[in-house]
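Only one structure is covered here, and it is reproduced in the block below.
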Amino acid sequence: MLDANLYEEELHPTPLMATWREFKQRHVAVFGLVILTLFIIVAIAGPVLSPYAPTTQYTNMLLIPPAWDDNGSILHVLGTDALGRDMLTRLFYGTQVTLFSSIVTVFIALGLGVAMGVVAGMSKGLRSSFINHVLDILMLTPTLLIAIIIVAILGTGLTNAMLAIGLALVPRFVHLTRDFVREEMNKDYIKTARLDGANLTQVFLYNILPNMVELLIVQGTFAISVAILDISALGFLNLGAQTLMPELGVMIADGLSTVYIAPWNILLPGLTIFLMVLSINIVGDGLRSALRNRLTH
Amino acid sequence: MITTLIRYFNLTFLTLLILVMLSFGLAYFFPGDPITNLMGTNTLDSQPLLMLTSQQTNIFMQFWYYVQALLAGEWGVSFATGKPLYQDIMRLLPATLELSIYAVTIALILGIPLGFLAGMNYHKKIDNIFMSSSMIMYSFPVFWLALLLILLISLQAQWLPMSGRLSLLFNVPHYSGFILVDILVSDIENKRFAFNNALQHLILPTLSVSFIAFAVFLRTTRRSVADVLETQYIKSAQTRGLPGKTIFFRHVLRNALLPVLPILAVQISTLVTNVMIVETIFSWPGIGDWLIQAIYERDYPAIRTGMLLVSVVVVIITMSLECISQLIDPTRDRFAYARR
Amino acid sequence: MIILDIKNLTLEIESNGVLIKALDKVSLTIQENEIRALVGESGSGKSLIVRAISGALPPQWIVTADRLTWRGQNLIKMTRAQRQAIMRRDIAVIFQDPMAALDPSAKLKDQMLESVPREFIEGRYSWQRYASRLSISHQILHKVGIQNVEGCINKYPHEVSADICQKFMIAMALVSQPTLLIADDPTRGMETNTKKQILALFTRLNKTRNLSILFVSHDLLAISAMAHSMTVLYCGQTVESGKMKAMRRRPLHPYTKALMDSAPSFSPDLKPKSMLAALDGTIPTLQHLPIGCRLGPRCPRAAKECVQMPTERSINQHTYRCHYPMHVEPV
Amino acid sequence: MSELANRLISFNNTARLRLLVTFFVALFVALSTGCTDSSISATAPAGVIYCSESNPSSFNPQLDTSSTTADVSAHQIYSRLLEFDPSTGRIQPGLASSWLVSDDGLTYTFQLRRNVKFHQTDYFTPTRNFNADDVIFSFQRWLNDDHPYHDVNDATYPYFSSLNLAHTIASIERINGYRIEIELFERDSSFLANLATDFAVILSQQYGEYLMLTKQPERIDFYPIGTGPFRFDEYQKNQFIRLLPHLQYWKNVPLTDQLIYDITPSSSIRFAKLRTRECDTIAYPSQAEITIMQADPNIVVEEAPGLNVGFWAFNTAKPPFDQADVRRGLALAIDKNSILDAVYFNSASRARSLIPPSSWAYNNDIKEINYNPMRARELLDKAGIAKGFRMTIWAMPVVRAYNPDALRMAKLIKSYLAAVDIDATIVTYDWNTFRDKLNQGEHDSVLIGWSADNGDPDNFYRPLLSCDAIPSGTNRAMWCNPEFDALVNTAIKISNEDKRAILYAKANNMIAKEIPLLPIAHANRYQVKNAALQGLSINPYGSIRFEGVTKTVPSPTPSVTSSAVVVNDEVRP
């Protein structure tokens, strides 16, 4: 018997499903996602996985090369640093510190940026142009300069570094939101919503935000990779996290003093940062092109 | 045309004013007494700065004298060295500018044409190679990249020197602050060796900064070229049967470059950050290294003035880039700010 | 004499793994100095045909045709350079959205001068050549109906109104004196008086410069006044084609009949407030095309045989592709 | 879309684009490798580059005891009345060609060398040779308080005040142009040795007058004029110091064309610059890299037992560190061996007392304090130090022979103290601010040390632990014990070395009992230099000397021409 309806039910995938299907086709992006989830697992379960505590100093095992080296020992798979602390554990804790601090920074910057962007986007005349100018200046001043000012005022420390980088990332989101909101406001579905008596916040919450979420996710991933680079750079210049905090940038700065007899003290933390940023960038890029394909087809 | 120029001029002026106010405010934010923060020491003979202390009362008069002092070049004295900041900064800022200019030019010269090449062969082998390699290149942390370059090229292979702008054996008189210009202008006898040595000192820092900038420029240009090729007017030009070359040079080239310019402007600030970080590693005598030393020594006048100078330069460069892109790009909605 | 002859043109597009016939056995012929209308609902593949003719198709699409000839030369077999030459000299194409079809960052003057073919220009020195290019452009622009050419020639496309842009496009197309002009729905989205102006321009060009025009549109009313012959397209299949008057008087294919009924001005005895005739159902999407005659499920006269692809029959040059045309009673 | 791109660009255009790009890449590669004839070729400027470790606080060693200032100025810019022979340590004639000591040991007469010229620089041109007035001017500056230059640059004279030479010297008279006589109140066997230290330099009296006339007295310490082998040319803070040869130097020794101090704070970067031949010799090589340096063919490493001591001093002026038991408890809590491994990389000998083994006053039968955390906890509980007691460990930021990495040593000590429930925080500042705050005694404990300026053992006792040394800032333990002072002062009056050795042994036992400071190690001194550098040797008594040091530039011509400037002025005793 012929099937009841001639056309088989058209499975319209939800936008998320469609983006995931587009994303899946890019094998490189999926590979990046795998590495990123690996890092996130390490960041969350770091303390549980790590064989030693990050700050205990094994003075009899100073500067042991990684296990694959001839005189490396399996006790310390990735070797130890000049104070005898296990490198693998410190990398786990370092990933935790750097990754979480940059994610938190980006979330704060995202929240602040979107709020200000919406205000700028929706308001007309002087107020919006003022917000744009102030933000253009912030966007223009190099992140290191903002960090230097904040460190000079508040002193060094990871939270101050996060504050500085968050401040430097806000304008990026404000510009994004402002342009998006300004574009959407001219569209008809916003006008109909306004005619239904929705006030500005409702329009934003129910109409603009759902459309903007994916764009924010893409820009958010790129902001996270920028935040990681900046936080580790500040750590390296020891303007950010102080020496006792196992932050990746700080570990490279510590490794500098014994770079000739123990080059892995520099190479391993640097490699971790590089892989973390690379995986985030790959995922971000895959997400962006998946989003672009979904929108254009 | 004139209206855009005027608008951009007062936009820059407003931004600079806000920057100066910010730097004036910083003196109050920094710990310690604001007046010494402003001038470095309270025994100073510069006229406007002295006036600054006499009129303790209202803040606006103070601010006005502060602006006068800034314009007159009396930027106070640094806590650490006790020398006037004007000489230090005028010696250091050109060094940073020089490094940034060489890095940007190399990144542009290599980035833009390769971006076009990749954009033209969209989704082909050569495009994929460029895309994956540029993705890797701009994920490098700049300080780690600099360290790797030093470890591999300076120490292992011992090809290039690793620190400073010029071997200290050469005594090149200060002319413009740009080392290559100074050497060419100076009349020291072994000028050729000095130039050769300066070039050797330049290569590694420029490479580490332009490495990342190149990747960003490549990707931006490639994306913009790919978008232009998709557009309707290129298709209609093709259907009109115009030869490939005219289409490329008349239409694709300009339309692809126009959106790239404002994106470059935004890249300038990240480039300056990378230059300042690279300076500390290669001990390049620029303002970045000096500012970071100033932080360790809590030298507030130096931080405040250094910060002001760098952001003024960055603001001027970026604003002029944006102004140029606004002028030559007829399609950009002209009065984006004023009208809405 | 037939200048463009298309017979059984089929275009297969690969969409997520499966090959779909976007165009299925399309046949179309254009005589010299004839205005042929190509009518079909949006999404029926009209623009695909135009791109197939101009060769602007992505390489992964498969184009097969019994005959796709221009003045006897087989277009498919031609190399890209030869095809480009034909496009430059003989065929001109005008697109829907005039603003998007012009380079936004170049002045109208440059784009106009650039499309004047080199053969028409005399003068040994560059300034002489520039002057002759300019004069040719001025002539063609006047002919196309732009009054103050000086006023708008130095402007950018976004500073000029849409109809002037369209006239510029037409001028650019006609400057190389083509024999065939393909107009892909040029008057979409314009107000009626500009639309009338442009259509009048087309008829005048056809008469004065014996330019044959392939007018692609879904606006039946405008075309019926000026076209000599018409081809009706449905979901990538040419269902009927023939003389305009014959088609108006006695449409043979049910789809053409429905099309004619749906236009109110075509049936003068329509009572006020009465329902407009319309086919039920919607146009199937590319993934779910019915086999055989694609009107099948929606056709009031559908029968068992319609599952096979009807062969093309014609009554004195009025061809149709249907098992039970209007003059034959369904069984 | 890409097919369109292909059709858009006919073949030759893409080729041209690709050609353009390869041209640029080739240009860039040529730029970088084409001209890297790695070693500086023959006619490049000659000179010696010394990578020093930090900025000098001034150019006059009288003003402070930091070895950075002494390295730059003591043996380079100035000369002294007497000199130490680097190999034997015996006292040699310097600016004083000969000297006489009265038999009661109270009056010393010095015969000065003739036609010794001062530096001729762009900021001052001397019109007369060196004579007795300059010696008197230099001594009076730190001797009597109302000398016009005594308080210039608010100068304190730490070395002299720690030995309170101002009270031992009764008077200094000028007999004639080239003879002076110094009267002492009481006998002092180490007086001659003190005149030969880095701090007893001879300034130019004429320059002093000239600066007084032009009302810029402070320039005397920042734009120095002396009789040494090199004259001052330029100084950029945190970057470099350039010294040029003094053409009329009174000693007939070869001098290099120019001497550059390249200030590079981090020791690993100094080592890197040595390998890339950007520095010819470096200051304080880190022990970690010594093994690598020895493997490098064109780097020569010299090692000599160091006359220095690195110690952990407790601020005895601050309770609870004034109780000996607390100090003993803390001393017991740390393991010296692991510190020797981690910080000195086994290139230092374990310190039992202040005196290094290479000095004649060394005695090794002193009760050793070994690592015993249980005993330490008992002592601390007995002294009332609760668990979680907070204290600070100050770690000096610069590298020194006696303590190559104070920060790392502080971290190690912090983890040991944590094992006995003491919470230590590490404090460090920029070197000059660090020393100012130490003088005010803001520290609980500090990791610092002392390197000897002359062979006399007294140089380890009086400057470090005598009561007079507290105001001068060299007594970091702020420890004032009159019995200890009496012991050391009597020892200084005896010239017979064995009697002095017995007294010093008693002093060592007193220190071991009271523990104002815990001696940790006597580090070996290293001198690392480029093989092409000749004439540089370790100076066990004081700072580095570049006199007679030249670099044979590997010129293509077979004959190795030393590029130094040979001074033609012959010397008359």
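Structural remarks
Just so it is clear, A, B, C and D label the chains in written order, and each chain counts residues from 1 on its own.
One rule holds in what follows: contacts are C-beta pairs under 8 Å (C-beta built on N, C-alpha and C of every residue); 3 or more make two chains touch, one makes a residue touch a chain.
For clarity, every value in this text was computed on a predicted model and none was experimentally measured.
Placing every chain at the mean of its C-alpha atoms, the farthest one from chain D is found to be C.
Of all chains present, the one whose mean CA position sits nearest the global mean of protein CA atoms is B. Comparing the chain pairs B-C and A-D, the larger number of C-beta pairs in contact belongs to B-C.
Separating the centre of chain B from that of chain C, both taken as means of CA atoms, is a distance of 54 Å. Centroid to centroid, with C-alpha atoms defining each point, chain A and chain D lie 48 Å apart. For the pair chain C and chain D, the distance between C-alpha centroids works out to 92 Å.
Centre-to-centre separation between chain B and chain D, using Cα means, comes to 40 Å. Listed for chain B are residues 155, 235, 238, 243, each touching two or more other chains. Across the assembly, chain A contributes 256, 259-260 as residues in contact with two or more other chains.
Contact of a single residue of chain D with at least two other chains is seen at positions 1, 4, 7, 269, 272.
Chain A makes touch with chain D in their complex at residues 55-57, 59-60, 62, 82-84, 243, 256-261.
Contact residues on chain B toward chain A in their complex (touch as defined above): 11, 14-15, 18-19, 26, 29-31, 132, 135-136, 138-144, 147-148, 151, 155, 266, 268-270, 272-273, 276-277, 280, 288, 291-292, 295, 298, 300, 303, 307, 310-311, 314-315, 318, 337-338, 340. Considering their complex, residues 266-269, 271-272, 286, 288-289, 291-292, 335, 338, 341-342, 405, 407-408, 411-412, 415 of chain D touch chain A.
Put simply, chain B touches chain C in their complex at residues 231-233, 235-243, 246, 250-251, 254-255, 258, 329-331. Residues of chain D touching chain B in their complex: 1-2, 4-10, 13-14, 17-18, 20-21, 24-25, 28, 31-33, 35-36, 38, 40-41, 43-47, 49, 234, 236-240, 242, 258, 260, 262, 264, 269, 272-273, 275-278, 430, 433.
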